[in-house]
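Just passing along the structure, written as structure tokens.
Per-chain residue numbering starts at 1, and chain names A, B, C and D are given in the order in which the chains are listed.
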């Protein structure tokens, strides 16, 4: 699978989805893919960010991570998205990035990309399912192929059993409440594996 | 119902949802409510807006419409949201406004607001259902009471029969493909009616 | 609220949603409503039921609970549905009951019923959100008014924080993994309260 | 793609989804697959069926179509589901069949099946989107790979532009309101194509 290219696209305010994104990169690379971690731009006004020291610090700490671009979407064979829920749906930051892809969509350049998604929330049932599923709704518009983790490996059960995409609950201090590292890596491997099949299939057409 | 206050909150790039919002205001006022039309701020970069003359013109033509604020959400007893789909989900512009309501949410100030939503798309099945339903997912986080139109009036059938919220299909020239004016006004009246019951009920508690 | 009538409609294979339904009845009655617990008919073939001693026993133990009828839907001002997930959606048993309501729907007899839903699953993120949200999709077709619990009371946070409806995770031995009794009772009270507002409002029209 | 096996699984009361299923079989075969059309068993009571002469006639006319079995799910590399909406969700008949797959699920035998779905409704926005998307929620539990049509071919635009799955609106006399035959065939071809990539990929692992 050395030829598969994966863009791990995340939004993170205080670090959880950044960590999940890093694990996804590790899992994708371990599966033989070339992986790139990119963040979507912050949209929140400075006063909101500065009112939360952890948010401000995380933004500074990750300033070296490249911002996601349309070129990343063209480049990649597979996408793994990671983001916290915002009221049971994608954060505006992620949606804003997605909403800039109209040109790629019109040219059919997002067709047959293989995707999966991940999420986090502060409550155990705070929109983890809804957020990932809403992402997939958009992916269907793109003509992407959805390879959610399902229950394709026992590690899914150990990490909360979310078949739509790995999710984690985070307490108010930012501590993950479940151990999802292996589930993230499994999901990344699965996404890469399906993408390798699709890529090879398209090349042989 | 003279006491019911309704905020009609819309995002519109080229005018469709602005028109629907105006109809909703008319319908709410005809039902005896006090209604206010507010737009969420544009997020798209200038170059995107300027590349589309209709978008640019609409933005200029509606510069007098007040921007939605958190105070509008506090003020209103009921919300009617109107927005085009963007890949089967809310436009980032609308989500960005929603994502600024964390403080109101934390204080419980969005509880028992009565809501309904409307949408548009360029294809007949281009996300009209999904967009309104995703809005409602967020409304459940707010503790709002959802009064979708259902099939509560024959006018719903005549306008496309979307029970989640009135929706319209728009061709590439921006022409609405169905006559939804009466359906919008019915939806507004229904939202106001349910809100009047809820408001009176809360006052008498 | 002594006039509000609530139908608590559940499907339960091994008892979890029966217990949740009983709590909902208690919560509704404590809020002053008249509540009725009804079960939807079993659809599974005998061999499936008999292969699982707990399922068989529960079916026998609850044979005295009346089966849900269309008359219950007409009678009630509010519905509380409770059911386990089956692959992220309603069990066929519940859907079959719902699918018999075409006549009531056509006559508009389900309009303005106030509803909320509850669910259970074997994994923490095994479809708890999706199942309740899919129920609400159907409720929108009915013209019902959706009063999901949201975060209208701190007890929601303590029980898993599902704003769509109270949900519980059940281990393979049938033990509930969270203490949701108070959350169920709060949800029932909220459903009754909103229904009392709606009922009074309709009477005064 | 001569090796790809497709099960076209439908529920139809009065014939629409039977016709769509036949088109899907034709499309799959034209793409080189081996395709099998199977119907899920009727659940409605005889009095309901007999009260509708068209329903009764269709049931008799299709008695020769084999009923869907678990063996069909094992046999097939890809599934195409077709069903009318029932209040924005799957008909109980389809859900009942799906709910019998617990054993296959537990053994992982539904993993990596490639799927897409189709739907119909009596209103243009009567749950066409919601029904197909709810099917996909279940498919994620199965570990299936979702290959919705998206906008992968211009024919999608001509047939209503539903990116989740081909859908059709049917009037009260049962006449399809859009010409979706080519869209169905395109969807079938796409499902087969993706399934051929997945199948070959798995064989080479």
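In this section, a residue touches a chain if its C-beta (ideal position, glycine included) is under 8 Å from a C-beta of that chain, and two chains touch if they have at least 3 such contacts.
Bear in mind the structure is a predicted one, so any value in this text is a computation, not a measurement.
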Seminar exercise, completed: At minimum, the number of touching-chain hops separating subunit A from subunit C is 1
For this session: Farthest from subunit A by Cα centre, which chain is it? Let me know.
Result: C
Problem set entry | Whole-Å gap separating subunit B and subunit C, where each centre is the average of the chain's CA atoms | 29
Exercise. Which parts of subunit D, given as residue numbers and ranges, touch two or more other chains?
Worked result: 88, 105, 127, 130, 133, 137, 140-142, 163-164
Exercise. Where on subunit C does subunit A make contact in their complex?
Worked result: 88, 122-130, 133, 157, 160-164, 167
Exercise. Which of the residues in subunit A come into contact with subunit D in the complex?
Worked result: 105, 108, 111-112, 133, 136-137, 140-152, 163-164, 193-194, 196-198, 200-202
Problem set entry | Touching residues on subunit D, where the partner in the complex is subunit C | 43-44, 48, 86-92, 95-96, 98-101, 105, 127, 130, 134, 137-138, 140-142
